[in-house]
Amino acid sequence: MGGMSFAADPHAGIAAVTQAGSTEQLLLTLLLVLPIVGFTLTVVLGRRLSRPWIIAVPTIIVVWAIATYLSVQALIGDAFHGGAIQTTIYEWIPAGAFSVSFDLFFDNLTAVMLLVVTTIGMLVHVYSIGYMAHDPGKWRFFAYLNLFMFSMLLLVLAANFLLVFAAWELVGLSSYLLIGFWYHKRSAALANKKAFLVNRVGDIGFALGIMAIWTTIGTLDFVQVFDLLPAQLAGGHIEQWMMVGICLLLFCGAMGKSAQFPLHVWLPDAMEGPTPVSALIHAATMVNAGVYLVARSSPLFATAPEALILVAAVGIFTAIFAASIAFTQKDIKRVLAYSTLSQLGYMFAALGVGAWTAAIFHLATHGIFKGLLFLGSGSVIHGVHEEQDMDKMGALRRKMPITHWTMLIGSLAIAGIPPLAGFFSKDEVLGEAFKLGFQWVWLIGVVVALMTAFYMFRLMGKTFYGESHVDPHVEPHVHESPPTMTVPLIILAVLSVVAGAYLGLPLGDSTIHHWLAPVFHPALETMGVHAEPYQLFGIDGALILVSVAVATIGMVAAWRMFGFFRIHDRLDTVRALTARVPTLYQGSFHKWYFDELNDLLFVRIGGRVADAFAWFDVHIIDGAVNGVATLTRRAGDEVRQSQTGRVQNYALGIAGGLILIAVILLLVGTR
Amino acid sequence: MIDVSGLPILSLIIFAPLVGAIALAFVPGDNVRLVKQVALATTLVTLVLSLLAAVGFGAAAEYVLPGSEGSSGFRYVETVPWIPFFGILYRVGMDGISLLLVVLTTTLTTISVVYSFGPIKTRVKEYMISFLVLELGMIGVFLALDLFLFYIFWEIVLVPMYLIIGIWGGANRIYATIKFVLYTLVGSLLMLVAILATAFTFQAANGGDWTGAFDLLTLRAAGGFDPTLQLFCFIAFFLAFAIKVPMWPFHTWLPDAHVEAPTAGSVILAGVLLKLGGYGFIRFALPLYPQAAHDLAGIIVVLSLIAIIYGAIVAIVQPDLKKLIAYSSVSHMGFVTLGIFVFQEQALQGAVLQMINHGIITGALFLCVGVIYERTHDRTLARMGGLSKPTPVFAGVFGFFVFASLGLPGLAGFVGEFLVFVGTFAVSPVAAAIAAFVMVFAGVYLLWMFQRIAFGPVSDFLKGLGHHLTDMDRTEVLTLAPLFALTIIFGLYPAAILDLIQQPVTDLLVALGSAPATGLVP
Amino acid sequence: MTIQEWLAVAPFMLVMALGMLVIIVDLIWPDRPSRVTGTALVGLLVAGAVTVIAGPIPGIEGQLPATGQSVLDGVYVRDQLTTFLDLLFIVITILTVLFAPDYLAPRGLPVGEFTATLLFAISGAMLLAGGHDLLLLFIGLELLVLPGYLLAGFAKRDGLSTEGAIKYFLLGSFSSAILLFGLAFVFGFTGSTRIDGIAEQLQAVVAGSATWPVGLLMGLALIITGGAFKIAAVPFHYWTPDAYQGSPTPVTGYLSVAPKIAAFALLIRLLVEALGPMRAEWGVLIGVLAAVTMTVGNLSALGQDNIKRMLGYSSIAHTGYIMVGLAVFAVASDPSVQAAGIQGVLFYSVAYAFMNLGAFACVSALQRRPGVTSQIDTFAGLGRRAPLLGVVMTLFLLSLVGIPPTAGFFGKAVIVISAIEGGGWLMILAVLMMLNAAAAAFYYLRVVVVMYMREAPEGARSVTVGTLTQVGLVIAAIGTIAIGLLPAVTSATLDWTMEAARSLFGA
Amino acid sequence: MSQSLDAYLLLACGLFAIGTFGFLARRNAIAMLMSVEIMLNAVNLAIVAFGMFIPALAGAGQVIALFVMAVAAAEATVGLAIVIAIYRNRRTPLVDEYASMRE
């Protein structure tokens, strides 16, 4: 732990749970009640409102204020002494020994998550006023956004696994609704279904994991689970392999929601939704739920190092895999989507190596700058009249200066250029990985950093610099976006600049470590990780230099290729380069054929299998049923044929029957 | 609060529809308005009576069988000797499970009757009489505590449903209705043999005295039938109930019946009739033949798992809306039987919950299909598309129930399914893991259906309907609103159900010899 | 003869005399058939009243002792069984008398002759009910079937009617000869014509554990064959569909009920009472015959489009069900179980009488207008054309299926429960019976389908049901429902049939 | 031989078999009716034989035989009536042509 030092507070950690005071209870409840009320009112009244956002947006601003107040109280005011508060709303499922309460839980991790979620959520709401201004169905949009905020807040506030699962599904629903917001587009209708279904695949694991937790530990409440676990492990009630199993199952859920390989396929398609949705749900908040889940379950994962290695491997593989696709995509939102995948991979890598704090740190900063980038891209798309293909953009920096500058800041941040936010968090992820003995993670991570810088500046170059490829009809109408859109961009840009420094300094003893130490202390204890002094002029410094260097290399390379600050871009060079490695280019361009593979496996082959089942049902099972009926009738017709209408035949029947009976009786009766 | 303890409230609930049906018989058939009013009034009275029973349920005294220790768990018990020759009683009683199912029945029947005002144009009187008799039968099944009485109600249900599908159904209705009746009869007639055999065994052991031989409470208290008898009788009961549920591979009557039945018929079929099977298992088959139930549980669990997965997979490729939902019922009802036969507290509670919730949600889905059908006279998915635009309210409501059916937390479908999962996992993680795959398959068929109907551009077929394609009218909203509300209420506050069924479930598990499983933490 | 002895024979003698009276009335008022019908109905009610007064009936204080009254040195016995059957026959006759005129009159068939013939036939049935002597049983049987042949061919200008009659007649007399030969063997090898005498003789053989003489076994085989013909058991059933189809519909209704039940009475007297000690020999045989009969009957009915033939096959199936009760008697060793078997036979007979007569009466009502065929299609849209007729027909059909709460359901339940009490392979018979009932539902419900789910053909005329037929239908419907639905009636029927069955065992 | 009951019974059985065979083999309704009469006479022979050889049955046998004759006569009457009726319809006494009712 890079030089971090925190006082081993005996009260720190999960044990220090107190019942929420009435004020906190009210505020926590309001956090959930307000958005759901906003949702309901907007659904009921929205169509009749001249300004459909009039309920939804103020609601979320209030929610943001409450969340910020609570979080600041907890993190800076240290109101709960690093511990947690819990409050019971009511008993949700009282099924005998299986009793699940609607409990809310608030500790420092929750506080950090709340800050990220509500801040970006609030900004996106405001931004949407402008972005959706001309959409006839915008009341639905704001209603869905409120529903999403409710679900996401429930997700971070939930005090037990089942409630998290419930929220997990609800964010999935919101995501489904918002991806399919433009339902008349067939692609949107397909994308939201795909998103929901792929998520459900992961949810199987999550659900089974929850069941496993209940059957092994006997409760689903976070605090109780974490409390009971050590004793039960030590006492042999629970075998270690069970923990590995539980953790892997939970991780399945996380993989689905956070779109980790191979369940990553839904996220790029989810870009069919309106851009604010992509920013809020598919970049800054919902997709982080998987990271949050693993972080929240750190005491469990800490007991299952085998599972953690898999987490790290999946994470870092997704990081490089997604980055490789982001290289060649033409759709501006898809580049960002793959970038999101890649960054989420970083977070999982961090979780996997045991750098819990680093993962959350990156989650927070990534939320800010990726939210910024998406909103910026939305501004661009808006500016060029709903065009998403970067080949039809270029040289927009003069026409959309605010968008340009804010996105440039975002790109620098994600590339990891000091002193922007991404630098601090990414450096911490990579540094921790190296120092905790996962040099392979670090090595791949460094490569990914290089790639990240490259594709981000490719995006910037193709969009804002070089020659304009904008449709000539549209060109004269390209304009900067309204203030409701630019102001959130500016705020996020400012945050991208300062958040990293605020949270990440001083190096080795950063604010965020202080905040999260109580949360992750038990996990670290279990894993036996101990803080080492930070060596700015030793290993830590060297690692910083390496990552900054690779980021710069990537940035400069893109810079040169995509014509920064030049009139003419060098697309010829790019073409020549790609022509030299056609296989790689095509592979990357086609996302390594994963959509095709899925189509083959699940649509074609799966469809055939389902057809076969249906055939079996109709022809074999129902065929057997009808067959019995037909057979019976046929038998009846056959039997009836003996009814010939001729008296002699009938008499023969009687005589035959008589002889048969007589013979039987004589045989039986005289034996 | 009205005190119902002095009234023969259960008999009132059972026979109120009969009174209505008889009254209807004297209403001239061409006075459709009066016919509808009488029918609606009858169902409303029955609904109110059942709600009164529900309100007074907590305060009502539990019946204690003379000569036995402890409560029987049933309230409002009424006992009248019926056929003394065989010791057959008219004995009805109510526990939490039957209370829920009765209220579900009265609610859905009322809704169905209201819904039918529009679509049913021919022979309205006969239709309403059939519905009322159907209601009588269904309520009777849920309340009967005498095996013979139970069987009689069980068979009574058959006739009106036969007529409803056969007279007011679709093109291929006769095939469907005869299949429905014959299939059900095969099972139920064998069950009759088992009932009689059980009673006789009791009588013989009791020195030739028929007293109490058909009485569930007496038989349950006596217990301990010979294993061979248990096995055969259980198999007979199993057949009857498995066909009704319907369990794989006895399910093929269901898609046909659903496709051909009129909307309200489908609602009742899916909402209540399928529950008769699950209820039969819980109320009769398990307490009477616990040994056989244990012996055969493994097979039944496997069949349930097959039903869950298989039903969902087959639903994926159904071109007809009603068929799709019918197969989804096969899958959903698989959870009921799975939950029952793992003999675990949570699973059993989940199974009961699932029965109620499936009744509400699938009933609502069929009503939604009816809304489409009334406007398009078609149910082919391939012809639908983009209904969100011309009929937004409908699309919203339909989507709501689609997600409820999908098991979205917070809505009714989730809790039951999850409890079954949890309970199953505690007994057999492998079974739970297999069943869990339905989470994806259910998503595939439900979302596919929803996408085909609500999303995309408006299909040419629908465009051709022009102004006939109106959004839901007031009656339709009125019928779906209670189900909408119940879906949310039972999703957010399942305790409303769970508290009621805790006692019966515990009793059943004790009778089965499976002590309620407790987590390690109290 | 004492008063009591006169009372004992009074019912069948009254009916016989009534037959003659009807002839006289018909002679006096040849063109007033309603007087004939009225006379017959009044007379039958009187006969019924006399029967009730004579007793013995459980629960009613009659003039005769509950243990029964022997007449003429034991040739005729009026016990609970006799009274029960007599009343059942009288009810059947009343119903037939009610149904017939509406069918016969439009076709120009003489009501007076019909009624007289019918009354003579039924007096034969009543003779059978109480016959306790081989000769008397044979006379009774002939008195029953000879008018039956005439009734079958009553529409003598109708080719089908006469064809059915001659088939029925030829095969019937063939089987009578067979039965008679069997009676002769029994008579010769036991040395007695009295039922109890024979039973005593055979009991002695059983007690001496000697083997049965071959002649006795031959006699048994011949009796079973002859009896099986009369009840229409497979493979002696071939005459049934043809005779049923050909006969005028009210006659078919009568033929499907009265001779069958009377033949069962004959079998009870012969096989159960007289040859009871030999039941080990005939029990299994009857059981197998029962299984084959119900299965073949139902299978044959499945594809049948002529409703009279269909009901004919169905009556064969019902014969199979009733035979289960006989098998129970033969197989069981516990007297109370044996009684339960006979009770099943009797209970089912009552239920069957009401529902089957009712069903045929509906067909007959539909055919009031000459020229209406017996094809099931003629029922199309009946639910609309004649709602009440549709409803009662549905009721009878449901009862024939065995759907509660109807008489038919209880009939099946009582027989099944007796089979279960019998245990062993009778359980298989019970299950087979239930599977058969399920299959049978198909063809009964097909009629309901046609009535309610098919539209009436173009130009179908509305159906008007005659008053007498209406009264008869109501009686039959009430009987069908009451036995199933009204607890008091169900219980009374159960008790009565049980007592009647027990009276065979001298209890 | 002629003094033994069995002989008479065998004769009766033979007659009965002949009657049965006639019933099965002949197609003419009248001939079939005559075959049935032969069967009834066979029975009568057996009954009378029983009466002869078994003292207890002496009286009964003869009475029964008389009754059977009466019944046979009645049967013949009814039968001929029916035969005439159908002959009027069908113009043939051959029963295998009476097959308009069949499956």
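Note that the chains take the letters A, B, C and D in the order they are written out, and that residue 1 is the start of every chain.
What we mean here is this: contacts are C-beta pairs under 8 Å (C-beta built on N, C-alpha and C of every residue); 3 or more make two chains touch, one makes a residue touch a chain.
What you are looking at is a predicted structure, and each value in this text was computed from that prediction instead of being measured.
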Contact-richer chain pair (by C-beta pairs counted) among A-B and C-D: A-B
Chain centroid nearest the full-protein CA centroid: B
Whole-Å gap between the CA centroids of chain A and chain B: 38
Chain centre separation in whole Å, for chain D relative to chain C (CA means): 26
Computed distance of Cα centres, chain D from chain A, in Å: 97
Centre-of-Cα separation between chain C and chain B, whole angstrom: 42
Contacts with 2+ other chains: residues of chain C: 166-167, 170, 174, 178, 241-242, 439, 442
Interface hub residues of chain A, defined as touching at least two other chains: 629, 640, 643, 645, 647, 651
Residue list for chain D, restricted to those that touch at least two other chains: 20, 23, 32, 95, 98, 100-103
Pairs of chains satisfying the touch condition: A-B, A-C, A-D, B-C, C-D
Complex contacts: residues of chain A adjacent to chain D: 640-641, 643-648, 651-652, 655
Chain A contact footprint on chain D (complex, rising order): 20, 23-25, 27, 32, 95-96, 98-103
Touch list for chain C against partner chain A, complex: 166-167, 170-171, 174-175, 178, 211-212, 214, 217-218, 220-222, 224-225, 228-229, 235-236, 238-239, 241-242, 278, 281-282, 284-285, 296, 298-304, 439, 442
Parts of chain A lying in touch with chain C, wherever the complex brings them together: 629, 632-633, 635-637, 639-640, 642-643, 645, 647, 649-651, 653-654, 656-658, 661-662, 664-666, 668-670
Chain C partner contacts - residues on chain B that touch it in the complex: 81-86, 90, 126, 151-152, 155-156, 158-159, 162-163, 166-167, 173-174, 177-178, 181-182, 185-186, 189-190, 192-193, 196-197, 199-200, 204, 208
